[in-house]
Each structure stands twice: as structure tokens, then as C-alpha cells.
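Common to both upcoming complexes is subunit A, partnered first by subunit B, then by subunit C.
Presenting the complex of A and B:
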């Protein structure tokens, strides 16, 4: 088992009180597994990704543990986490355009970054990685502004994984890209796992159809909690949580036309996490809600590797 | 109502002192008839937003003509009474200092100064109900108190208050969640029933396919394929359209299963033939159509396009 997250709680401090962005999330991630993390804006997926590598000033670790390869990560301790960052856990952020230093040529920037971590740059390895994502070696002599969005995103992916981290967190890496570039970038990312550059990966996106293409397991979150986690095929073909079902039904597939079949969204909006209601957080929007939903449903394993937090599952 | 684009071209001056030029849109012609949604599909840099801006009169046309009911685009109060745009980011469209419903007030001041307060209030409420918003949840709120989907619908309601003939919707759902996105799309499909035309600009093929009667696929500023949506997407002929379709992530169909798409001899290098009619309401910028495709798909000529994609 590569990563084990137990009852993780991370809150945002605001003037009006704590926003419970992550409110008791538990899951495990196996070796060589790609976990797709899906959900609406504000469901806590980015907070989960950030918690595993670097919490920003407003975030507070309230409870729960994160264990990576048998070692507990000191996620609440910014300074002690430095030993793990990039060596053990690494991140590919959403906006690669702002992740690269615009005043340095890329090769020089990579060298500076590595030395700042006390690592001697290994040119042969770097060039090998560029080949792996299909970037020409000349990019090292260019400034970030000379690269296209897809190239920058792949460059950041190469830099993030140069130290062969165990866990890679890819947060919405393709959301600013076109479909064909998106495909190339997503495949390159899956290639990192196949080639053993990273051991396991958390792929965060709001696009379930994209997650389905590269993830082994999909975890759907809702309002700071886990709604459903299952192998990618199961989530898409036999979802059990009403939220997952409605989310998948709201996706316009190529071939579905408004004139033939009317898709519908999910009425209502997620509850405020400032003071979330007790019980199942989806129950106000759920067509199957009944009395028992006032109690919080546990994430029960209804089939091997299929966890659902719903009384009706 | 009919919006007609005839050989529209846009050349931007770029570089220091405008020494270089960049052809963003090159000889594009199509119509947006009343009561129809036409989707304009293309990747970044294909010129789709430039086209939208030209139709809205925000950017001047270099050559060719854009006419609404036969009259050329003349940006101004009268034109905007009939043509309105909604853009990608609802959070930067609104002024955060003012309440969101100020956009309705501005419409009243500019176009309906004679309307009484009670009458106007009723019209605003009716427009909000038309876009499936509860007026009480929206009126008097600041932009940050509303969700992205609500803000986009407020903007559509604002456009509907006018005597609207054409709505240009430029990527209006790309910042919305899957669960609300579909509601905004359904809304666009509904308002076309009022007899207005909608130009839906998007890079998301599945959304365009869901909504539009007709589809125009743009690449590097030129139309590569256009026509009835079920023909363009159901039986795509141009290699570029096919390649785009195969790259769309789908449920139930892993990318591995998609048929490989190879490049086209005629259109990879930039040499484009004119649009040829491939069937009823189906036009393709390909000189040889089927024969060409079969020949290409049979051979091993995929290297060039793949190489280009990797190099980008």
C-alpha cells in the first residue's frame, strides 16, 4: 500500500469560522495505482491534493493521518514536510504558465531548482525525461514564453518528477488545454506511472470522462466527504451513489443530442461547509433521500474495492 | 433574422510597431439562421473568439462582410439592442463593487428610460424566471454571493430583456460544473424557440454536439468542415474533425479503442482547398473527400501530424 489517508480533516480559517473543506476522508492508494479524484467545485478535491504536499496559510490540519510508504507525513508541519516534498510527494499544478520562472531559460531554471534541493543535476536523466514526454531537447535553451500551453504543462510534469517521487498529485493539469493536447498530456502522465518515474498518482479533475481514460480507480467527493470510490469501470458503468449517477447522467456524450434526449443537471447546490448539516450532505438534492439520511452514512465496502457512502447503496 | 458572414478575414498586426501580421480568421463564410443554435468549434488560436468579437462589433473586420438581416454590423445602441454576447468568465464580467442586478438597471437606463419602476421590476423578474432563476435569490445580491451558473444565467436574462435577435455565447459553460453546465445548455436550447439565433462558441465537441443544429469546425482561421451537426459529427470527413473527435474523452470508450487518424496531404501544410459539398448540408474543405481519406487511412502517413502535435 503506497498511501493511506485516515479520517483526514482540514479546515480553512475564515473570519466567520472554520470552513470544513475536508471533513473525515479515508482512502488507500495502491502501488502503481492512478486514482482519479472527481467532484464539483468546492467539494474538497483540490484541498485534499494540497493537504498532501503543502497547506497554505489559511488551511489547518484538524485531525487524521496520512501515511506514505509506511511513514507518517507531518502534513501540518510546513518545515518538516520539506524533507518529503519533491523527493516523496510532488505536484503538477493547474497553471503551468505561472509555475515557470519567466526570466530564466528553462534549462537554467531546472538546474537552480535542483541545486536548491541539494541535488546535482543529471543531464542525461533530464534529456531522457524530455524524450519520454515528446519534448525536443532545445526547450532547455528557451524561455517559458516561447512554449505553447501543452509544452509548458509537459515541462512542468518533467520537472516535478525529476526526483522520482513516490506520489504525484496532478491537479486539473489539462483543464486549460485543447482536446488533442489534453489527450497527449494525459497519456504522458499515465506513461510516468508505466515507466516507474512515479509510483502512484492522484489525478484531480472535474471531468469524469477524462479520469475514466487514465485512472484505475475513481473517487467521487461531495461537500468535503467521500461519496463513492471504485474501479474506474465500475464508477462509470455501475455507480451506486445517487450523486455519482446524477453526475454521470449530466454529461453530454458525443452522440447525445438535445433534440433526442434531454439531459438534466442536479438541482440545488452543495451545502455551505461553514456549518454543514448533520447526516448525508447530499440529501437536500437527492431524489432517494429518506428518514435515515439524517444520520451520516459510513463509506461501506459493498463489493471488493467499491466504497459507497449512502444508506440506499 | 439571419446573420451572414461572407468571406470574413481578420488580420492582426503583431510585433513591435505592428511590423508583422497574423491572419487569425481567413475567408470564413457561414450563416446563423433564426431559431437555430450554430456551434463554432475549434482549438485555441483557431480564430473562434475573434469571429465572435467581430460579430459583436468589438473588433473591426479586415475584409469580407458580416450582415444582420442584410444590414452591415454597425456597433452602437441600435445594434446591441439585437445582438448581445455572454462570455467565458462570469466572475470577471460583473463589477464586484456593485450588486449583480445592476446590469438590469443599466439596460433600463440605456434602452427603456420610459419604463416605470414597477413595470421594469416585473420584466426583470419575468426574464429571471425565463432563465430558471428564482428572482428573490438573485435580486439584491453581490456577484460573490452567486454561483457561476447563476451569474451566467443573469447575463442571459439581461440579454433577453432586449429585443434580441442573436446571442453570441463564447465558452459560457467552460467554467461551470458538470451538474450546472447542462442546465445552461438546456436554457440556450430553449431560448432559440423564441426565434433568436445562438452562436455557441466552444472547444468542447460533446457540448456543441448536444446543443447545435449546425456545426462549423475551424482550424487556423479557416473552416475545415461544416453543416448539419449529425452529419459533421456522425460522418466526419475531414481528418482534422476526425482527429478532434477521437481525442474527446468519452465514457465507456477508452482512447485506446479509437481508430487511428492520419494526417491529410492537402491540409497539413496549410494549403487548403475551398469548401466542397460532400452531401446535403455538409461541406468539407477537402479536394478529394472520400477517396482521399481511404487512401490516407490505408497508408502509414500519420507521422507528420503526430509529430506536429508533439512539437506544439
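Presenting the complex of A and C:
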């Protein structure tokens, strides 16, 4: 088992109180597995991704543990966590277009970054990785502004995986790109796993049909909690959680992406995470809700590798 | 291109001022000049009439003005008749430059450093920020008067007037240079301090902005040490500060002129005051022209520096040539 997350709770400190963006999430990720993380905007996907590599100043690790390859990650300790960043856990951020220092040539920046982490730059390896994603070697002698959006995206992917991390977090890496580029980027990421550049990956997106193309397993989150986690095919063909079912039904046809129909077909909105209601958080919008739903449903394994947090599942 | 246009407009305005003023400038000036010998009066009248060339058409006058200007000829001063205006200006320029260049450059460098440190440490931030705001909000005149009064009049530590002691003659002895420095200290300090606050605040805000930008976040996520992230942030934050220097230049010059007047420092500012008091038109015109030229030249230099320092403009130009 590559990654084991147990009852993870991460809150945002705000003036009006704690926002419980991650409120007890548990899951496991196997070696060489790509986990697609899906769910509406605001359900806590980014928070989960950031918790695994670097929490921002307002995030607070309230409870739970994260274990990577048998070692517990000190996710709440920024300083100690540094040893794991880049080497063990890495990130392809949502903002790849602006992730590179605009006033440094890319090759120089990569060299400075590597040396600052105590790594001697391996030029042959870097050039090999550029070839793998189809970037010309000249990009190293360019400033970020001279690269197209897709090139910057691939450059960031190369940089992030240069030290062959165990876990790669890719957060909405495709949302800034057009449809054909999205698929190419998703395939390139899967290729990284296939080539062993990264061991396992969490691929975050609100676009479930894109996730389906590369993920082995899909995990659906709702309002800071896990709703359902199962092999990708099971999620799409036999979802058990009412929320997942509504998500899948709102897609015209899996594998075909319709820009204005993704995740839009569910009436109502998720509860505030500032003071979330007790019981199942999907209750307000759930057509199947009944008395028992006032209690919180645990994520039960109803079939091998198929977890659902619903009393009706 | 922009520089050329600005220059032409400035020269034209400079040329127009005496010509479209009410009254007869020549008669007025000659009368005001207080020259007693009739021969001198006649010489001046002829000189001025010839210079203005009122008998010639306007376009000819305008052309003459340009020709004289390009020869570095600003006319003859009335206040210190018959010294050429250009000589009077050249006598004052070293004082103004000696005051401005160190105060502008030092306040810029120190202010940037201070702002960068402030962005790093909360304690320092809590002092630099309010002090910086007080300093920038202070008009140049104000701080200068305060310093002159406090350190000059009350404490008596520094002289409050002149470029050097009246008892001395300019020479290269250590004693004179020390005296020069002594007179220079207060006007320099007031210029330095007012500008310092603005640069420090600007830099602090720019650094904080850069530290929150995406490339900083990305580097931090990859565990890059703060040292590297701050180095990048500082470098990128300095670029807008260079532009800021170009934009502030006019204000800085105005501040220097006012400060000179407060300290009776014998630079261009005091010259302008003298020219106005003595209604010395040519001197005023010449000084104004000289300042415009100086600011334009400084702006041009900063522009070049910016192109050299910012790799993006460099890369862009290389791309355009390729």
C-alpha cells in the first residue's frame, strides 16, 4: 500500500470559525494506482491535495494521519514535511501557467531548484523527460513567457516528477486547457505512471468523464467527506451512492465531455462547512433520505474495494 | 521618440513664456536690471531686442531660439550681468547633482533592502511601515525645515545655509572638502529620508505580492528553501521599483529644488529663486530648460537599465529581431 489516509481532518481558520473542509476522510492508494478525485467545487478536493504536500497558512491539521510507504507524513509540521516534498510527494498545480518564475530561464531555474534541494542536476535525465513529453530541448534556454500554455503545463509536469516521487498530486491540471489538450495531458500523466516516473497519483478534477479515462479508482467527495470510492468502471456503471448516481446521470454519455453539462444537473447546493449539519451531509438534496439519515453514515465496504457512505447503499 | 516629443513641447513652452507675457519684456528687464551706466543700458536693450528678434516673424524667432539652444546658448544673465546663463547654471549644477544623485540612489537601494526585510519580519514590519508612511507623507519642505531647525538652529551641529562656509574659498584641501560635506549633510538627509519611506513601503508591498504569487507557492510546495524563494521575489519586485524610480523622478527633482531653497544650498533650486526674485528671465528659462533636459536624460537611462535588467524585455527584443 502506497498511501494510507486515516480519518484526516483539516480545517481552515477564519474569523467566523473553523471551516471543516476535510472532516474525517479515510482511504488507501495502492502502488502504481491512479486515484481520480471527483466532486463538486468546494467539496474539499484541493484541501485534500494540499494537505498531502503543503498546507497554506490558514489550514490546520486537526486530526488523523497520513502514511506514505509505511512512513507517517508530518503534514502539520511545515519544516519536517520539507524532507518529503519533491522527493517523495510532488505536485502539478492548478496554476501551471504561472508556476514558473517569469524572470529566470527555465533550465537555470530547474538547476537552482535542484541544487537548493541538495540534488545534483542530472542533465541527461532532464533531457530524456523532455523527450518523453515532446518538448524540445531548447525550452531550457527560454523564459516561461516564450512557451505556449500546453508547453508550460508539460514543463511543470516534467519538473515536478524529476525526482521520481512516490506520490504525485495533480490538481485540476486540465481545467485551463482546451478539450484536445486536456486528453493529451491526462494521457501524458498516465504515461508518467506507466514509465515509473511516479509510483502512484491522485488526479483531481471536477470532470468525472475525464477522470474515467485515466483513473484506476475514482473517489467521490461531498462536503468534506468521502461519498463513494470504487474502481473507475464500478463508479460509472454501478454507482451506489445517490450523489454519485446523480453525478453520473447528469453526464450525457461517459467518455464524451459536454462543457455545460458536467456536474450541473443536481438541484440545491452543498451545506456550509462552517457549521455543517449532523448526519448525512447530502440529506437536503437526497431523494432517498429517511429518518436514519440524521445519523452520520460510515464509509462501509459493501463489496471488495467499493466503499459507500450511505445508509441506503 | 517620446523623449523627442516631450523635449520639443518643453522647449516650445519655454520659448513662449516671455513672448506671450503682457507688457514689453525688454523695457521691463532693462529697467529692472538696475544698471546705472547709460552705455550699459543701451547695450542691454540692443542685446535683448536682438535676441528676441521682435522685428522678425514669429517662426523665425522660434527657429533662432532652437539654434541658440542647440549651441548651448541660453543668453546672458541679468542678475549677474554679464555672465552667460549657461555659466551660472554650470556653477550650480554640481551642487544639485551632488545632492540628488546620492540621495536618490541611496534612498532607493536602502529603501528596497529595508522593505524586503520588513516583508520578512513582523517586528520590523510593524516599525518600518508606520515610519515609512510618516516619512513619505511628509512634504520635503517640512522635513527640511524640521531638520534645519532641530539640528541646525537648536543643536547647532550643522550649518543651515550655503554650500560651504562664507569664510572659505573653494579649493581641494581636506579642510574645505570636509566643510563641503558638513553643509551637504542636512539637505542630503532630508531628501534621503523622505524618499526612503516611499521606496521601503513600495518594496514591502511588492515583495509580499511576489511571495504570494504562484511561482513562489509552487517552489514552496516542492520544498525549496525560503532563501531561494526570497531571492526570486526580491529580483522580481525590484523591476517595478525601477519603473517607480522613473515615474518619481519629477517629484524627486521638485523635492530637491525646494530643499535647496530651505537650506540656501547653492544649486539649481536656489538659482530659480534668485532668478524669480531678480526677474531674471533668461536665467529662469535656462534653468528650466536644463532641468527638463536632465529629467529626460535620467528617464532615458532608467529605461535602458530596465531593458537590460528585465530578461523578459530582453527576450522580447531578441525575438523581434530574429
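Assume the second predicted complex is superposed on the first by the 300 of 313 C-alpha atoms of A that agree within 3 Å, B and C clash if a C-alpha of one lies under 4 Å from a C-alpha of the other, contacts with A are read in each partner's own complex, and residues count from 1 in each chain.
FYI, a residue touches a chain if its C-beta (ideal position, glycine included) is under 8 Å from a C-beta of that chain, and two chains touch if they have at least 3 such contacts.
These numbers were taken from a predicted model, which means no experiment stands behind them.
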Which superposed partner A:184 touches (first subunit B, second subunit C, both, neither): first
First, second, both or neither for A:143, with subunit B first and subunit C second: second
Partner chain(s) touched by A:101 [first = subunit B, second = subunit C, both, neither]: second
Partner chain in contact with A:112 - subunit B first, subunit C second, else both or neither: second
Touching partner for A:93 - first (subunit B), second (subunit C), both, neither: second
First (subunit B), second (subunit C), both or neither touched by A:79: neither
Subunit A: partner with more touched residues, subunit B or subunit C: B
Partner chain(s) touched by A:266 [first = subunit B, second = subunit C, both, neither]: first
Residues of subunit A at both interfaces, subunit B in one complex, subunit C in the other: none
Complex contact set, residues of subunit B against subunit A: 43-44, 147-148, 177-183, 185-186, 189, 203-207, 209-211, 229-230, 233, 243-245, 247-252, 254-255, 309-312
Subunit C - residues contacting subunit A, complex: 213-215, 217-225, 227-228, 232, 235-236, 239, 310-312, 315-316, 319
Subunit B partner contacts - residues on subunit A that touch it in the complex: 40-41, 134-136, 148-151, 178-184, 186-187, 206-210, 212-213, 236-237, 246-248, 250-258, 262-266, 269
Of subunit A, residues touching subunit C in the complex: 53-54, 81-87, 90-91, 93, 95, 98-105, 112-113, 116-117, 142-143, 145-146, 156, 159-160
